[in-house]
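For reference, chains read A, B, C, D, E and F in written order, and residue numbers begin at 1 within each chain.
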Amino acid sequence: MSLAEQKLIGKLAMLYVLDESHQSKVGELGWLHCTGKVGSMESNKVVAAIETAAKKNQVINGEVYRETHALYHAIMEALHGVTRGQVQLGTVLRTVGLRFAIVRGQPYEQPEEGEWIAVALYGTIGAPVKGLEHEAIGLGINHI
Amino acid sequence: MSLAEQKLIGKLAMLYVLDESHQSKVGELGWLHCTGKVGSMESNKVVAAIETAAKKNQVINGEVYRETHALYHAIMEALHGVTRGQVQLGTVLRTVGLRFAIVRGQPYEQPEEGEWIAVALYGTIGAPVKGLEHEAIGLGINHI
Amino acid sequence: MSLAEQKLIGKLAMLYVLDESHQSKVGELGWLHCTGKVGSMESNKVVAAIETAAKKNQVINGEVYRETHALYHAIMEALHGVTRGQVQLGTVLRTVGLRFAIVRGQPYEQPEEGEWIAVALYGTIGAPVKGLEHEAIGLGINHI
Amino acid sequence: MSLAEQKLIGKLAMLYVLDESHQSKVGELGWLHCTGKVGSMESNKVVAAIETAAKKNQVINGEVYRETHALYHAIMEALHGVTRGQVQLGTVLRTVGLRFAIVRGQPYEQPEEGEWIAVALYGTIGAPVKGLEHEAIGLGINHI
Amino acid sequence: MSLAEQKLIGKLAMLYVLDESHQSKVGELGWLHCTGKVGSMESNKVVAAIETAAKKNQVINGEVYRETHALYHAIMEALHGVTRGQVQLGTVLRTVGLRFAIVRGQPYEQPEEGEWIAVALYGTIGAPVKGLEHEAIGLGINHI
Amino acid sequence: MSLAEQKLIGKLAMLYVLDESHQSKVGELGWLHCTGKVGSMESNKVVAAIETAAKKNQVINGEVYRETHALYHAIMEALHGVTRGQVQLGTVLRTVGLRFAIVRGQPYEQPEEGEWIAVALYGTIGAPVKGLEHEAIGLGINHI
């Protein structure tokens, strides 16, 4: 049950969201993945955008609840990194502009560890006024 | 008050902690920075390791409380990303092995925005048994 | 100040919400109680439904703030069990379908411990799509 | 992906922890399960007791991290119900005396939903003085 | 159920902890009260110091759990104001030096609203190094 | 880096919000300050009212993000004291009526500690029905 050095799913997802050229590394592993953008003051819209992208790009099977459940918790964990305290945006008068990358693969050497999913977020958070913002990052990882 | 494209302090700090070769980009900007490692079940030791590195490497002036205060909150925010819910380690029976990068610089185009500090964390979190762990990431940013 | 074995208000409220046949046990103790259902993505509507049922069924006296205050905190505590981290529903894109039971009685052997109120919740939580959900439970107890 | 009426894993786990006679219902389904007790002011000891029981009774395979990971998050979610706000015991001067039940089975009608794990907690929480306590309940559910 | 203008228990408790000369106003109302000091990195010691003072000065009856329960939640709420996010001190490498005031009285005009308890905290929070700290305040109010 | 006895910015801001006659003490120090009122079930409106007052009264320069950022975090910290657990109002069916005071000055003896900002809140929190409420207090302090 050790993480394989070349298969660090969290690091790969974070590099991918920071710089799209890293997509090729994820692709070489034969892993499922997708990326997208969302900007909103409504935290539910951020969750919805990531879920929709994952389903549309078949990174998860939206017909199977256990896949949706795994992804949902990975998203919520990534949002903790972005929001740092309360998973709230508009209700505390702030907005985000985020890129996201979703990666699904086998990061462990042992085949019985199976598949895991990583959600990486990068962008800005701040007041609903252009420029009044700083960067934010989040990563959520779950077994799927 | 716009973030300058080449001076994205959060992205630079995260790339730096993920891959030490990015140190040169931070150095070219003439920004203060340092990096280090800490592994512990005690969350206070993680905070202490980062604070000590920042002071020892003169990224902050430990004699000035406002600098310590700015760094402390950046560390706490980064720990939110790593712990995703409760800023606790051993008290909820988990441990971390983290690399950290601290970067201090001027990410905004306007000089009046002054200096900001970013704390980036990358490593693993999990049960206190080798291998029972997955990756975790956190980023905290504050004005200093 | 010991809990009386036959008067475990939390256990009774939980059994009552899981299986309405347990209502008789609560009734035999001569305790005030009511039950109801609420399904919503809006957490405030869940709170309102429970408060309204408690007042309408005279489990609490809505004219006395200390009773409303006691109930409110019991509801919030029960919601912690259901939401497990952030007391949020629609804002994090999830919905609940809950049954609730409210019980008011004297669970302690000593008469000076007076009345306490228990709010038990049982149902499902999940995505706003039928079937994409799992069960959730919460219990809040307060002196009244 | 609907929950099967006779296989409500959360309800079964909660009834099991409230009244051991419900063990037979879990057994009839052919599901893995175990029960145990733990009393402590140290939250990490509560986590450890539940994890140890699950491994010792082979409800999970302790050699496979994804199983430990699934269980860990189910425990943490159940502790949210018990602690209602901060997953802390001794550090906020309170202690628990808990029974726990762990159940692993297939609650959904569709076979592709696979196995899920439920952790149910029931007992008392209060000051570290006998009698200064009330009941508490928690339930955590995760895919495994 | 209106708060009586001259009996604002929260305001009185806060003024009392900020300036001991306000003790006379509390005394004139015939209300129970006490004050004290506590400095610690251990959050449980802060809770214990306040509970002990309340019992020793007979602001609450330590033999009755409902009074301990009411006080405990008022303390925890006051600590939220002091800690602002995680009710943790030493585990996140910070310490407090606090004065506290506990006031018990009838703040509402209607006699059926009965007694309430307020816990006011004032002092400093910061790194475990003298001077690396700023002020912090908290107030908790509960029915008793 | 010691707090100067006559320049306790948190205490001054709290006294100021509790009793407007304390405004003169803040004025004598030559510090920037303002006060205002806000009542709402929407937490974002509370944040907006405080930010708007600070900008309109030139306590902060709304054109400089670092000042907005410092104020925002001070407001959020003050709201933790008022909300005591979840920074939510209407979504958990409660409302506030608050006075606020914002003070900006140099509370430390050493000039290199520079300016700090304090946000003090005092008022009531409760159900959206007149009278069903108790007092609440919050204080947030940040370097600016």
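Please note the rule applied: a residue touches a chain if its C-beta (ideal position, glycine included) is under 8 Å from a C-beta of that chain, and two chains touch if they have at least 3 such contacts.
Keep in mind that what you see is a predicted model, and the values were worked out from it rather than measured.
S.K.: Show me the overlap between the contact partners of subunit B and those of subunit D.
M.R.: A, E
S.K.: So which chain is farthest from subunit B, going by the mean of the CA atoms in each chain?
M.R.: Centroid comparison gives C as the farthest chain from subunit B.
S.K.: Does A-B or C-E have the larger number of C-beta pairs in contact?
M.R.: A-B
S.K.: How would you label the subunit B and subunit E contact, same or different, if same means the shared numbers make up over half of all numbers there?
M.R.: Comparing the two copies, subunit B and subunit E contact each other through largely different residue numbers, since under half are shared.
S.K.: Taking B-D as the reference interface, identify its repeat among A-D, E-F or A-F, namely the pair sharing over half of the contact pairs by residue number.
M.R.: A-F
S.K.: Specify the chain most distant from subunit E by Cα centroid.
M.R.: Greatest centre separation from subunit E goes to chain A.
S.K.: So the centre of each chain is just the mean of its C-alpha atoms; given that, what is the distance between subunit C and subunit D in Å?
M.R.: Result: the chain centres lie 20 Å from each other.
S.K.: Could you tell me the distance, in whole angstrom, between the mean C-alpha positions of subunit B and subunit C?
M.R.: The computed centroid separation for subunit B versus subunit C comes out at 42 Å.
S.K.: Could you tell me the distance, in whole angstrom, between the mean C-alpha positions of subunit A and subunit C?
M.R.: 35
S.K.: Could you check subunit B for residues that touch two or more other chains and list them?
M.R.: Counting only residues that touch two or more other chains, subunit B contributes 1, 65, 69, 76, 85-86, 88, 91, 116, 131-134.
S.K.: Name the touching chain pairs, would you?
M.R.: A-B, A-C, A-D, A-F, B-D, B-E, B-F, C-D, C-E, C-F, D-E, E-F
S.K.: Mind listing the subunit A positions that touch subunit F in their complex?
M.R.: Against subunit F, the touching part of subunit A is residues 85-86, 88, 90-94, 126-127, 131-134.
S.K.: Enumerate the contact residues on subunit A facing subunit D in the complex.
M.R.: 1, 63-66, 69-70, 73, 108, 110, 112-114, 116, 142-143
S.K.: Please name which positions on subunit B make contact with subunit A in the complex.
M.R.: 1-3, 8-11, 14-15, 18, 76-77, 80-85, 107, 116, 118, 120, 122, 124, 130-141
S.K.: Under the stated contact criterion, what part of subunit B meets subunit E in this complex?
M.R.: Residues in contact with subunit E: 42-44, 47-48, 51, 65, 68-69, 72, 76, 79, 86-88, 91.
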